[in-house]
Amino acid sequence: MAEHTYKYIELVGSSKNSFEEAIQNAVNKAAQTVRNMRWFVVTEQRGYIENNAVAYYQVTIKIGFTLED
Amino acid sequence: MAEHTYKYIELVGSSKNSFEEAIQNAVNKAAQTVRNMRWFVVTEQRGYIENNAVAYYQVTIKIGFTLED
Amino acid sequence: MAEHTYKYIELVGSSKNSFEEAIQNAVNKAAQTVRNMRWFVVTEQRGYIENNAVAYYQVTIKIGFTLED
Amino acid sequence: MAEHTYKYIELVGSSKNSFEEAIQNAVNKAAQTVRNMRWFVVTEQRGYIENNAVAYYQVTIKIGFTLED
Amino acid sequence: MAEHTYKYIELVGSSKNSFEEAIQNAVNKAAQTVRNMRWFVVTEQRGYIENNAVAYYQVTIKIGFTLED
Amino acid sequence: MAEHTYKYIELVGSSKNSFEEAIQNAVNKAAQTVRNMRWFVVTEQRGYIENNAVAYYQVTIKIGFTLED
Amino acid sequence: MAEHTYKYIELVGSSKNSFEEAIQNAVNKAAQTVRNMRWFVVTEQRGYIENNAVAYYQVTIKIGFTLED
Amino acid sequence: MAEHTYKYIELVGSSKNSFEEAIQNAVNKAAQTVRNMRWFVVTEQRGYIENNAVAYYQVTIKIGFTLED
Amino acid sequence: MAEHTYKYIELVGSSKNSFEEAIQNAVNKAAQTVRNMRWFVVTEQRGYIENNAVAYYQVTIKIGFTLED
Amino acid sequence: MAEHTYKYIELVGSSKNSFEEAIQNAVNKAAQTVRNMRWFVVTEQRGYIENNAVAYYQVTIKIGFTLED
Amino acid sequence: MAEHTYKYIELVGSSKNSFEEAIQNAVNKAAQTVRNMRWFVVTEQRGYIENNAVAYYQVTIKIGFTLED
Amino acid sequence: MAEHTYKYIELVGSSKNSFEEAIQNAVNKAAQTVRNMRWFVVTEQRGYIENNAVAYYQVTIKIGFTLED
């Protein structure tokens, strides 16, 4: 391990089923443009309610990835 | 969309199975007396332990609903 | 109920599947050395990403247990 | 001044023009059902963006009012 | 213990003597309209000063009570 | 509404006149490079003082926008 | 720019019209006794309600000023 | 009530007996040099332990007082 | 005073009478197993309500003690 | 000084020697792709431990830079 | 040790070299007008960037000092 | 990497010279009784002042270590 520098991006993922799936959806989306993702931190959990039921779970995460040399 | 005013109520839902189900239980309960629920925000996650195992997941949420004209 | 004193320990549980399982894993581990666990509070949720996917969910919890007389 | 008890309600007001007007709108709405309002505290400021411009300012406030004897 | 849902209300109690009495005053007031109160959490402690002395202690608490089935 | 993923960027807008105008300036600037902006959250309010008067209002906001498929 | 030391003072300004004017009022008041004010940070926004309307906007700010050599 | 400006000072009071007395001690001390004190906010509660017992309760408070015209 | 290292433990004390007594109870309990306790910091204040009255005051404290050489 | 808009990026720098060097490493890395950097804010300080010693200091910083016209 | 009252002042120190030196500079400056300084608490760490390098480290500290009888 | 559980302990290290050395001192002390230390998080930075100069830097850290199977 060297003296790496990492960058954070902050995303909001959503899912009809669970907070975990909402995170996975956000990571999948980020993977289209970001390489070397290493970890995430949850910063907020929310959701939408429609017809008296939870329609979407939403998780805000900060994803840390290594800046390449 | 007009210049709506929303109100928050804060509830604690509990479930033997998951945080998501605890939220759904709280939303179901609120639906007995509140209309026009729109979104929720998670403000705390706790749980009870019995016999060395998680007995209940507890989620505190604030539910936002539209105040009707 | 008497005037009990409780103690907190802070653990980080991890799971490949869900935050709930990460909590259960931490509680199971604590049960090897701690008795009279009563409740937990979630203080942080993180995770590791490998190959563009969530590899581990991590939950930091504080576990409260009764100090025996 | 006696030993009063106050209650908080939490509302989200919105306005096309300013945070101040969003607060006034929330106070006006609350006045339809609440008496003896005394003060408010701002807990969050957000807004909606439509067509690259601010469409609505939103202010979450807690309103304190005296509980009558 | 079943899968209960609890609701929070937020009150500000005041007392000329102590923070504890300010909490008791708020709980007494709430008891006029709320049943099944179970616990409280202190969220702020303030007070008024008159003639260079503390005139009132004020405690903001959130009270949790069980929503009946 | 589908299972969208949103991204946050964090900007500091400034204005000689008001916090609202500072936000609008930041949104206008972001519009030069970002599409599908949906909402903002205020995270800090500051300002510069020159000659004993407020010279600039500064608002830090996080802007959420939809990541396109 | 040298290795300056700055001092913070914390004030609460009030205005019948806006948060910006409340800040200006506090800065004007501070200018009677403090020199070299450079910036401010908003730490709280509150207000008083009279007759179901906002009577005063109140802003708590920390003002930073240069300590002269 | 006019458009007053208030100033905060932050003090730490201590007492062998209670948090309330620690606050009173701080207010008494402040009264030697400050006029027009109006309210206080508790920002921290600590204490010293000597010989396995609480020796001093310490309360950090911010005291707000009116700046005279 | 040398370059000491201190350790924190986190306890929840309870009392039927006051927050101060709840702290003393926790310190007394800790004294059964910990030496060289030096200070405490209050991190949370809660309580239980039974029959519309406060049954127990609960204070969470972190206790700092010197690690001996 | 005009009505500038600034953007924040959030980075994690690491160093075997000090927090200051970790910040410098992050700033150096950012300089490869970002112009007009003006200030930074520390948001978290962590580190890795290997063989009972600090192996790396890690500092999370938000860097503010001017968006050019 | 008696029942002392302490006062906090909040300063921002700056240094070209390190956070520690920035703190020392602030303490030195405060020593010109304040006596009986006892401890400090770091409340924020920032810095200025010039020409892609850290030009100044800035530390905001609250300094506690004993109010003399 | 398996589904490890980690435990946090919270220590306060002190040093006459720097925050980094204060951390190292705390880690060295912990190494006398704890194995498998992996990382630390800074939760507070303070210090003592004697004779108008910084006498000790103090850093509170949480150290995470792997609980062995």
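Chains here go by letter, A, B, C, D, E, F, G, H, I, J, K and L, matching the order in which they are written, and residues are numbered from 1 within each.
Keep this in mind: a residue touches a chain if its C-beta (ideal position, glycine included) is under 8 Å from a C-beta of that chain, and two chains touch if they have at least 3 such contacts.
Computed from a prediction, not measured in an experiment: that's the story for all the values here.
Novice: Quick one: which of E-H, D-E or B-E reuses the K-L interface, over half of the residue-numbered contact pairs in common?
Specialist: That would be E-H, since it shares over half of the contact pairs of K-L.
Novice: So what's the Cα centroid distance for chain C and chain I, whole Å?
Specialist: The answer is 22 Å.
Novice: What whole-Å value do you get for the distance between chain G and chain J if each is reduced to the mean of its CA atoms?
Specialist: 30
Novice: Hunt down the residues of chain L that sit against at least two other chains at once, touch-wise.
Specialist: Touching at least two other chains: 10, 18-19, 48.
Novice: For this structure, enumerate the chain pairs that meet the touch criterion.
Specialist: A-B, A-C, A-F, A-J, B-C, B-D, B-E, C-I, C-L, D-E, D-F, D-G, E-H, E-I, F-G, F-J, G-H, G-K, H-I, H-K, I-L, J-K, J-L, K-L
Novice: Okay, in this complex, where on chain F does chain D touch?
Specialist: 18-20, 23-24, 27-28, 31, 37-42, 63
Novice: What does chain B use to touch chain D in their complex?
Specialist: Touching chain D: residues 1, 3-8, 10, 62, 64, 67 of chain B.
Novice: Which residues of chain E touch chain D in their complex?
Specialist: The touching residues are 9-16, 22, 25-26, 29-30, 48, 55-56, 60.
Novice: Quick check on the complex: what are the chain K residues that touch chain J?
Specialist: 17-19, 44-49, 52-54, 57
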